[in-house]
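Listed after this line are the structures, all set down as structure tokens.
Each of the next two complexes has chain A plus one other chain: chain B in the first, chain C in the second.
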Partner chain A sequence: MAIVFRQETFRDDFTYRNSPGNIRRFPFPFDRDEYMYSVNMEPHVRGQAGTVYESLIDVDEHYVAEMQDRALVLKEDPLRYQALPHMMAAQWDTLELLMEEQAAGYPEHFTLIRNGDRWRWINRPLGIDDTFTFGDRSTLPYDPFEYITRQAQGDFCIVDQRDGNLWMDAGMVTTQADWSLDFDIGMNFMEWHGPVPLAHQIGVFDRALKFLLNLQLGKPTRRFNWTMTINPRLDTSPENYHKWGPDRTTVTPDNVGEKVHLRVELQSLWRLPRSNAILFVIRCYLISMNELVTVPKWARRLHRVLKTLPPELVDYKGLTRYRDNTIAWLSKHDDGAPTSPGIFPD
Partner chain B sequence: MSGGLAIAVRVSRIDTVAANIKRFRLVRHDGEPLPVFSAGAHVIVSMDDDGHRRRNPYSLMSAPHDTSGYDISVLRVAESRGGSAFLHEKLREGDALTISHPVNLFHADKRGRKHILLAGGIGITPFLAMMAEFDRANVAFELHYAMRSREHGAYWQELVERYGAHRVKRYFSAENDVLPVASLLHNQPLGTHAYVCGPDRMTDFVLRTARECGWPKSNVHSERFLAPISGKAFDAELLRSGIVVRVGDHESILEAVEAAGIDAPYMCRGGACGQCETAVVACNGVLAHHDVYLSEEEKASGRKVMICVSRFDGTKLSLDL
Partner chain C sequence: MLVEGIKSRPVYGGIAIDPFARRHIFALEGEGALALLDQKPALTATMLNRSEVLYVAAGPKGLDHDLALAALKPDRFWQGPTIETLLFRLRGSLSAATMSTRLYISGREGFIGQCMQVATDMGMDFSSIPTEHRGSLARRVQCVHCKGITDDVRTSPFKCSHCGLNLLVRDHYSRRLGAFQGVNVDAEEPGTAPQAEELFA
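Here is the complex of A and B:
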């Protein structure tokens, strides 16, 4: 079924909204009433229709608007896209993967026709119909990685594997939860995770790194991460902190429902065939509190998660200034009833 | 991650390429293209030898971008446990095999400005794919290839023809021609990477010599294969369910438990997340912990096991499941 793409903004007048159908498929990340870091990885396999697992690279009603927002970010700050010279094979790997997955999942919107190295890519929502030579950079208007990630929702990092570590050697990062590709590029797995509290001490990153070094072709894996954002703003980067940081002081008991958003990252990790690198997809989903409480189970559970969140995480995730207002607002939607296991609505 | 995704293949062609070395071309059973791979990768080949399942890793030697088939070369090993003997003597063109997806634990460092490849005997195979990739990308490389004799060495003539004598040097021990590892490693420009694949003694010698010559560890690479997590079959008693499951030689406890219709918790299936942690109630034997989740003390205590990857060797294992 064809997706109806919304016209909306992630800045200025913030017209972003989720349709009722899109709320039901929101990837609510909490499978219980409290939260702590863990190596919460599971095989990235297709799931039920009406969930974000319907396709392995998810396209939804925000696709066109998100791509327009990405183009605006890149225009203001081209360094949001970077790729080190040795990553060219991984760039082509990524282009192939994203084209194939989008065409397989949404044939009414995307078509890939491969004729040897001569490929034709049709992207109907964005009005693109390009023919190019796979492997020949000069036949595309951008680097292959930049070309395809201007046409795919989510942030993308390609990490090179060597010396028993993973290295952040390419990225397209415009919808990030307060981290900077320009700062992290060239860092290894332990370095770019340096600022995360508590998780290092309980060995989460040692285990996750060992797990990822063994990631196999054809067996992608996924995990959730989450934070909260004031206003439906995709680009919450350190570079633009002056634009979004002050938003956190604008939350009042009366505007929590529209201002405060749960921000969920569905991260999927894929071993790439030609380069042996790993593609790290960080797909961001936003939902306002007004939208979230239309699912009673999620309203109860988020209220309890926020109440019991360790103080280190409250600070690290930047919730300090508006957490109390949000808990008070959500408490009206929590009658204390038990919640069912799992993440899906009842 | 006990098995990896399997691909059903057929042997489309077998050639004898040197004394005791045969080359096998594998194509997908359903006629579809195989996955592209990165040079240095290997696959685990599963063979059914009269009901006995054998699994051996072999480097992929065909060009990585050729998806019509994979080539492997197999040396008939005298003290073979059966894999190379089966492939040499029993396998025929048209026969079916199963292979894993390619796994690469021997990849070239793509930042390298020059690559020196040191091959001993059948250790040439991963370098055939690497050279195809270097040549295609116009990257500087040299192959130094040691063999017993002209008859025992595979592919050396065609390699000299294809890449030129300036890039392919060959050494035959039968002619007292020895690969000069020390002088080779002594004088190389910064940014050079060296790779060795051959008998253990050769690998050890190259690694040691490189260290003595002051090479950084990160610039010297030796071939590693994925050790399939396997072993002897064993029984596991599931106390809460009141049954005993047989865990096959290439099966995980988790897979055997699932096959018995019991719902055990799991998540990553790779020994990292901790979800499938299971209490060991009785253990008369040795637990082989393959996970990265439990601490060394927990592993030593023998009271917990991660059933997605770990195994058991002994007479009795009882689990709280």
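Here is the complex of A and C:
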């Protein structure tokens, strides 16, 4: 069934909303009533219809609006897309993967026709119909990685694998939870995770790196990460922190429902066939508290998670100013009843 | 000596001379000269005949080590007036360098970072370049907002020398930029920046 794409904004008047159907498929990240870092990885395999696992590269009703917001960010700050020179093979790998997955998952919206190296790509929602030569940069209007990630939801990093480590050597990052590609590009796995509290000490990154170095072609893996954002703003970059930071002071007991959003990243990691690099997809989903509490299980659980969150994480995730108001607001939706296991609505 | 436990910060392991290198290039700033001078007893005539020493004095209170370095009688000794001139000279030396050349860098962290940028731009692997931190803890900081770099930052927060925002100096370091990250400290409530503290004397 064709997706009806919403006309909406992630800035200024913030008209972003989830339709009732989209709320039900929201990737709620907590499978229990408390949260701590862990190596929470599982195979990235297709799941049930009506969930974000329906296709491995998920396209939803926000696709067109998100691509418009990405274009605005890149117009202001072209450094949100960068690729080091040795990443060209990985760029083509990524273009192939995203075109194939989007065409497979949504044939009514995307079509890929291959004739040897001559490829035709049709993207109906964005009105694109391009023919190009796979492997020939000059036949596309942008680098292949930039070209395809201007047409795919989520942030994307390509990490190169060498010297027993992973290196952040290319990225399209416009919907990030407060980290800078321009600063982190070229860093290895431990370096770019340097500022994360607690997780280094409990060995999370050592185990995750070991796991990822052995990632196999055709067996992508996934995990969740999350934070909270005031207003449905995709571009919460450190570059623009002085512009969106003041939003955090605007939360009052009366506007929590519309202002405060749970921001979930569905991260998927894919081994790439030619370059042996790894594509790291960081797909961001936003849901307001008003929308979230329409699922009673999620309302109860988020209330409990926020109440018991370690102080280091409250600080690192930037929740300090509005956490108390949010907990108080959510408490009205938590009757203390037990919650069922797993992440899905009852 | 440095703050421990910053995962993104390079480890400065010392610049013990590599006896197998056919050519040695030393890029030294201020007290970084001592990292070479301290090895004097172990330096052989062969090593010195294969050595090029590039030196710049540091800051107003930097003791001048030019005479002591020249007295080692390396194959080449060059002293520049500023870091910028040294980087230009270093680029020239490296572009003429052959296999089996070893580069050593010692001085303040910002100096090491900038020399490292020159070397990695020319295709050297950072892990093959011995470094030694000497001198003050002052940091080279990039403003994450305007991307301007401010050298010799001793306090946090400090005012960005380019855009004027009050920046907190984070313990997050980019080797590519040779700089720590500065983030606006009073973004959420402008005007509430805490007093600057001298953290990197």
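Methods note: the second predicted complex is superposed on the first by the 346 of 346 C-alpha atoms of A that agree within 3 Å, B and C clash if a C-alpha of one lies under 4 Å from a C-alpha of the other, contacts with A are read in each partner's own complex, and residues count from 1 in each chain.
Going forward, a contact is a pair of C-beta atoms (placed from the backbone, for glycine too) under 8 Å apart; a residue touches a chain by one contact, two chains touch by 3 or more.
All values reported here derive from a predicted model rather than from experimental measurement.
Trainee: Examine A:Ser38 and indicate which partner it touches, taking first as chain B and second as chain C; both and neither are also allowed.
Mentor: In the superposed model, A:Ser38 contacts chain B only, not chain C.
Trainee: After the superposition on A, what does A:Thr249 contact: first (chain B), second (chain C), both or neither?
Mentor: second
Trainee: Quick check for you: in the superposed arrangement, does A:Arg162 touch first (chain B), second (chain C), both or neither?
Mentor: first
Trainee: Figure out whether A:Gly218 sits in contact with chain B (first) or chain C (second), or with both, or with neither.
Mentor: Once the two structures are laid over each other on A, A:Gly218 reaches chain B alone.
Trainee: Which partner does A:Tyr142 contact after superposing on A: first (chain B), second (chain C), both, neither?
Mentor: In the superposition, A:Tyr142 contacts neither chain B nor chain C.
Trainee: Tell me the contact category for A:Lys210 with respect to chain B and chain C: first, second, both or neither.
Mentor: Once the two structures are laid over each other on A, A:Lys210 reaches chain B alone.
Trainee: Overlap the chain B and chain C contact sets on chain A and report the shared residues.
Mentor: 163
Trainee: Show me the residue ranges of chain A that touch chain C in the complex, using the header's touch definition.
Mentor: Residues 79, 163, 180, 182-187, 190-195, 200, 238-242, 245-246, 248-249, 321 of chain A touch chain C in their complex.
Trainee: Which stretch or stretches of chain B touch chain A in the complex?
Mentor: Residues in contact with chain A: 1, 4-5, 35-38, 40-41, 64-65, 101-104, 107, 109-111, 217-218, 267-274, 292-293.
Trainee: Spell out the part of chain A that touches chain B in their complex, as residue ranges.
Mentor: 38-43, 86-87, 89, 160-163, 206-208, 210-211, 214, 216-219, 221, 273-276
Trainee: Can you list the residues on chain C that touch chain A in the complex?
Mentor: 6-9, 127, 142, 144-145, 147, 165, 170-177, 181, 183-184, 187-190
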